[in-house]
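Below, chain A partners chain B and then partners chain C, in two separate complexes.
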Partner chain A sequence: MFEYIVKRLLFAVPILIGVNVITFSLFFMVNTPDDMARAQLGAKQTTPEMIQSWKVENGYDKPLFFNGDASGLDKIQHTLFVQESLKLFAFDFGQSDSGRQISADIQERMGPSLAIALPTFIIGLVTNIALALLIVLFRGSRLDTITMMVAVAIMSVSGLFYIIAGQVLFSKTWHWVPISGYAEGWEGIKFLILPVLIGVFAGIGAGMRWYRSIFLEEMSKDYVRTAKAKGLTDIKVLFGHVLHNGMLPILTGVVVVIPTLFMGSLIMESFFGIPGLGSYTIDAINAQDFGIVKAMVFLGSVLYIIGLILTDISYTLFDPRVKLS
Partner chain B sequence: MSFVWLWTDILVWTLVLVLIGAVRSIRRSEQIRKQWFNILKSPVAMSAAIVLSFYLLFALLDSVHFQYTQPTSDSSTEQRSLAVHEQGVLSLLDILVPHLRTQTERTYSAPFATHEYSTSLSYDESGVVSQVYRPLQFGGQHWTGKHSILDDVMVKTAIPFLFTCIIIAIIFAIHLGWGFLKTRGNYIDYYENQPDPKDELPWGAAYFTLFVLIFLFSWFFYLSHYYHVLGTDKVGQDVLYQAIKSIRTGVLIGLLTTLVMLPLALILGISAGYFKGWVDDVIQYLYTTLNSIPGVLLIAAAVLMMQVMIANNSDWFGSTEERADLRLLFLIFILGLTSWTGLCRLLRAETLKISQVEYVTAAKAFGLSPFRIIQKHITPNLMHLVLIALVLDFSGLVLAEAVLSYVGVGVDPTTASWGNMINQARLEMAREPMVWWSLFSAFAFMFTLVLAANLFSDRVQTVLDPRRKH
Partner chain C sequence: MATPFYSLFTYRIFDKFLMILFLSYVTNSTASNWNTPYSEEQVRSATLFSAFSQSPKHLDPVVSYNSNEWAVLSQVYEPPLQYHYLKRPYTLEPLTLQKMPDIRYLDKNHHPVSSNSSNIAFTEYLFTLKEGIQFHLHPAFAKDSKGAFLYHQLDEQAVHSIKSVMDFTHQTSRELLAEDYVYALKRMALRQNHSPILDSMMQYIVGFKAFSDLVTEQYKTALQAEDKRVQTLYFDLNQFEISGVQVVDKYRYKITIKEKYPQFLYWLTMNFFAPIPWEAEAFYKQAVLVEKNITLDTTPIGTGPYQLVENNPNKRMRLLANANYRVELYPSDGLAEGADPALLLDAGKPLPFVKEVIYSLEKESVPLWNKFLQGYYDASGVSSDSFDQAVSVSSSGAMNLTDEFKEKGIQFLNMTQPTIIYFGFNMADPVVGGYTEKQKKLRQALSIAINFEEYISIFLNGRGELAQGPIPPGIFGYTEGEPGINRVIFDWKAGRIQRKPLAKAKQLLAEAGYPNGIGEDGKPLTLHYDTAATGPDSQSMLNWYRKQFAQLGVELVIRSTDYNRFQDKVRKAKVQMFSWGWNADYPDPENFLFLLNGANATIHTNGSGINSANYDNPEFNRLFQQMKTMENTPERFEIIQQMLKIAQEDAPWAWGYYPKSLSLYHSWLHNVWPNPLANNTIKYRRIDVNERLEKQAEWNQPVMWPFVVVILLIIGSIYPLMRAYRQRQTAVVISNKQDKV
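Moving on, here comes the complex of A and B:
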């Protein structure tokens, strides 16, 4: 097991390098060190000498990918790309345009992000699976058809509408919860209720359909027929056999998501004024702060890869047939 | 007046040509015809298909652009003031509904209103200042106050209703006549020898949907001459006009992105599955890497770069329309480049499976080149996957546009889009009293499109996906 994890982590390195190449090219091709120098030095007359000295000071005077002046390995090592990527691998994201340490900001903002993403995820998962099981009990009936129609309708509404409608109804008209804001600890619950509820509701349509199709697929298998032939009731078959066996396909879809919960939700957080990583990213995008966007891209990929590894490990826990090698 | 071909126009018409070509070649295949018949046999799918083609029609009408030139100096002032509205790049749709575009008010007004939504200061002749609801310039100007607005609207509904009945009757007559021609006159024979009523397409649902759509369209069109049916926005522009203009943006993002994504997914997916070995490794590495970057962030990063590039090279573009169009094109390309991975993985897995089958082995033994085998034996067997992925992606992309516009990395702020409308409406909802109609219009137009696309894709999946039995 340990060996396998180490191997998978090593496989992650080329992927992360690839991610870096993509982001690095995207950022430096357009926002060259010269542009950065000009932006940092301000609007006053900047001479080429000033730009050059700024670049030397900040370490941006090296070529992008390949250093022809150096010898041996240094040809690749003494480049902006290696220098910038190594920093990222050490989770040193540098400073944002406003002069704050990005790593410290990220650590600080992970909490609020999780406070909203984790409850949404868990409540959503339980609700969706419970509803799907319930609807599988009534499969083929009119209730099933109508529920599926409603699910498609729920899916067809943009998440933005749910948020706006929720805020208008629950906060503006009925004054049940504050429109937006955030507080630490138990105080903060009143701020979290609405975003979590909206998040859960917006996901019901797609989630319920997905779990229903998984359970229906299980229901058509031989062991279910055998169990029924033995005289087990529908409910016993569903909860005793189908739920357990359906966990495998569910795991594939669900475990990958767990680490990325840290990233927060862009839209939820910015609508509800929650100081998490999602609103951090949106602010950075709007302010065109490339350092933060780059850091978030890297963090996102790392979390995604961790998610993939966790998925494989969870398989061995739930399915004894799967052996990691 | 001369034609202007924006980049997205060219692409969307190319797509239409490709689709026509595809339909013509598909008609020859008995099997595919049966599949499509099967898809449309469901009343829901039939209605959804009609709704989708209505949206497509609007998008296409809005994709033919003309350049209006400035009037010559010797034309009369009246003509010139008219011509001010007729400047710049206009689409066929703009020309069909000129009153929607030109009849702008000063500021907000509610649907069917005759006066502005909020009070403004007014000085009467004696110099007394008062707060009044100013009357609108265009909306409800025929209204004399004798009847209520509701009565007026009811009366005015009769004409579109009659019009719709006539149109439907004409379509029905053509339909019957077509069936008559097809059967070469043996009409009664033909209908008596119908094998099974279950093999008929659901014409009832089709006519019902058509009736509703044509009625809605003519109702909006007719009443928009008298009122601002969906109100006006902050700068007094008709919300109905914005919502209609947004159709193009939404449909184009849904359609053209697939055009960008498809070749990538097909070529890479099939070569990975067929050639295996290092080709497979490289392609797998490529899509795992792309997949591991959070989608919105990758799009945001690419769009940010594009914005910087456009800002640095503003001399590339002749007009604001061209700039906005190029931004839309870039967005479509970026969405396409980030969304091919899912389909690619599916195609790779299916190709791996198919290339083990006997007929491919036989083809190899006969000495067919890999290219021929892929073209003749593998690609046709992947088409159902491609089709399912395309219709599935469409609704997701339409929804994504709204989110991206909200994040600030969507289409140009000057482009009409539902995302931009929602974005603006967010602030309007906080006003007192609430300005709800912009949000409502964007919601209604978007929901109809996405719901139709979802229902249609559901049906396509049920018919084409051999694994889906439910």
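Moving on, here comes the complex of A and C:
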């Protein structure tokens, strides 16, 4: 397995270089360093001297991919791409174009993002699996039909609606929890109840339908018929056999998202005033802050690759027949 | 005996709800209301709760030039002057000075001359500070018993547990000195600090450019030599002097500017001129602090009524009243005409009243608005979505609060901002530009056709005032009523302003060579409007513009693009028509009329000028030069009227509107008075904490019946489920189909 992981990590290097090339190309296709300087300087009158000074200080006076003025290897080395990319591979995210330390910002914002994403993920997973099992227990009944209709209805409504409706109902009308805000420690629980509830509820439709289809497929297999023939109750069959065997396809979709939970949720965090990473990249794109954009795209790619590797590893844990090589 | 399935299910549900109840109790037991976002200590103290929607990027006073940043910074830093809180027209008064600066006018040989002399080559300002003003408590000033700074040589270990400057054990202060103001100017001159007004100040302050060039070059060399970044290399600026800026003694300093520029005093109300102690810069340039985002740009240190004790731009900013604040009293005079006399109830009392200010990040308008209605924000603006809920507009256009809001005791202020949003013509364009009679008439016709009254009504809910020229109300040179109207576009009929009829616009268009919008080539006149408005929300506004032009038979083509491209096109004069705006930096007509001064045209300044319409009328320019440095005298007023008339006739803008701001505040917040040019106004606010507590409790009683209904529904669904399950388990197989049991 170790050899497999090392191999996968080495494969990740060209992928990350490719991601960087695309990020650098796309960003500078839309924004010129002069535009970035104007956005960062924020002056009513921006003089050429101010722009040039800002570009030199932030390294944007260098060519993007090829330095025609340099000689030899410096033609490649003395470029914005190489100098900034190398730092990223050392996980040195440097500073944002407005001067803040990106690593410190990420560390500070990761906790609040996880505070919402992790309980939403775990409670959502357990709820969806539990409800899917319940529906499978009553498969073919009116309860199954009605629940599936409700699930489709839940899926069809925008997540934004649940957020606003939840805020209006639970906070504005019934006064149970704060509309938005965040605090660390136990005091923060009251701020998390509503976003977590909404996050779980908004995901029930899709999650329940997906897990139901997985469990139904398992239910049609021979080992289930055998178990039933042995006289096991439906509950014992479901929890004792179907759940375990259904975990493999569930893992495919679940484990891969675990590392990306750190990245937060844009809409949820914006509406609930959670100081997480959700809006960090979007805000940076709007502010034309390339320092943050490149760091966050790189980090997102790394986390996704880690998620895929973890998924492969998790297969071996749930299905001994799978060997990584 | 095995526990029945339904019992387990029921118990688990109960467990869950009990847990929620318990958590709710635990987490809310410290505060009066379940849905309060604050701790009990905060709501029971004189804390002002406010919000911000955009994270501040810079809190360094020489860099920051953004209103959301100044909302915080101006409570912390103290430039030498401020605007009187209540007086109108806007009036300057000393803030940290004993008196207004002493002004001397000098000729080229530095001999004093009179203020109206034609030989004025320099103006010298002498500032005398109040004695005994203290900086906030800060670790940068802390010294050991031998007099050495405690925290100027920090290493990784020393800052291991430090998250903000408040975590340092030793915090001391020192007296504000004249050299701190001079040091701030030196920081401004350093190009690497990116002060947005550096190039402007170079035009005025004697020796500023030479100083800037010198220190910028020296600093650049030092950066290369030490291989450091600007953030981590402390550079002793005190070893260099600006020829036009001198420290006279401990409490006095002098600034000499070129020629006469009375508006310079207005600049001295801005944070760019606030004092910076050199110790702070030496402290904040330490790499171990920079890595933790503890810099002068994130953690200001001033002498103001408040100290920033928490700065998480993604969550919250917290100001605490400065324990070292000197005695400053609430104003006893200057109440403007029509203002609430209650504004003088606190006259002569020491400031500040509010002990703590908490700004929370609210990116979305829905939670912000609802929290205001719950009483968790003390004041709020009014978004378009909430306008109808809060404000009713009478047939005469007067705005009033709705009954619902009146019952809650909410108050509102409605004032026209010192801002103009204008529709500009590019005067360098061959079609809409130019100064011939025909070209003027085309612009005049279009200006009549674009009905901004309708625009204000449809898109701004009436929150705007028709612009008659570049100068907004409240600024010297603005004239109200009939004498002030733009006669090219409007008439005065039956005691009110009225737009000229469309027939007049059509007549002007025909005289311009486009009868019914048809050009000499027989084709309809097609004009282009450049805009950065690209979203779906903008479509209705853009369609409205098309409709205005279509009334004259003119086809309007919208060229939407992103903001970068739009700015670039304006700078390069590649637009035909566009919309733009200007906020007053200071309350002087020069700050608006220079938007039309030929020397500031973008085509004459390589794109850096602020005259985006490229208007360049020699007579207007001449009068501008004459008016620019005058005091606000009747003579100056007369010149301004002449300039306005020229501009109205030439119509380089279709003028647009002056936006109005509407702010709501609760009855427990006192001394609220709009002063858009002053930002340091929180010190005047007072809060009636008991009234706030009562209202918050009254408005936020938890409603429990839905909770009970949900529990009953869940319990009620368990039995049918159990029965169905048992039936399925005991059902007899009636066919051999697998899934029918």
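FYI, the second predicted complex is superposed on the first by the 275 of 325 C-alpha atoms of A that agree within 3 Å, B and C clash if a C-alpha of one lies under 4 Å from a C-alpha of the other, contacts with A are read in each partner's own complex, and residues count from 1 in each chain.
Everything below uses one rule, namely that contacts are C-beta pairs under 8 Å (C-beta built on N, C-alpha and C of every residue); 3 or more make two chains touch, one makes a residue touch a chain.
Source: prediction; values computed, not measured.
When the two complexes are overlaid on their common chain A, residue A:D234 makes contact with chain C while staying clear of chain B. Of the two partners, chain B and chain C, it is C that touches more residues of chain A.
Looking at the shared chain after the overlay, A:V168 reaches both chain B and chain C. In the superposition on chain A, contact is made by A:I22 with chain B only, not with chain C. Look at A:F138: by the touch rule set out above, it reaches chain C but stays clear of chain B.
Shared-chain residue A:E108: touches chain C; no touch with chain B.
In the superposed pair of complexes, A:I285 makes contact with chain B only, with no contact to chain C. Judged by the touch definition given at the top, the superposed model places A:S158 against chain B, while chain C stays out of reach.
Comparing which residues of chain A touch chain B with which touch chain C, the overlap comprises 30-31, 139, 164, 167-168, 172, 220, 288. Residues of chain A touching chain B in their complex: 14-15, 18-19, 22-23, 26-27, 29-31, 139, 152-153, 155-161, 164, 167-168, 172, 213, 216, 220, 260, 263, 266-267, 281-282, 285-286, 288, 290, 293-294, 296-297, 300-301, 304-305.
The touching residues of chain A, counted against chain C in their complex, run 30-32, 35, 38, 40-50, 53-54, 57, 95, 98-101, 103-105, 108-109, 112, 137-141, 143, 164, 167-168, 171-182, 186-187, 189-191, 193, 220, 225, 233-235, 270-273, 275-276, 279-280, 283, 287-288. The touching residues of chain B, when paired with chain A in their complex, are 285-286, 288-294, 296-298, 300-302, 304-305, 307-309, 312, 395, 399, 402-403, 406-409, 418, 422, 425-426, 429-430, 434, 439, 443, 446-447, 450-451, 454-455, 458, 468-470. Against chain A, the residues of chain C that register as touching in their complex are 5, 20, 23-24, 26-28, 30, 33-37, 39, 55, 57-58, 65-66, 191-192, 194, 196-200, 216, 229-231, 290-293, 295, 297-298, 312, 314-316, 360-364, 366-367, 370-371, 373-374, 376, 562, 564, 567-568, 585, 606, 608-610, 700-703, 706-707, 721, 724-725, 728-729, 738-740.
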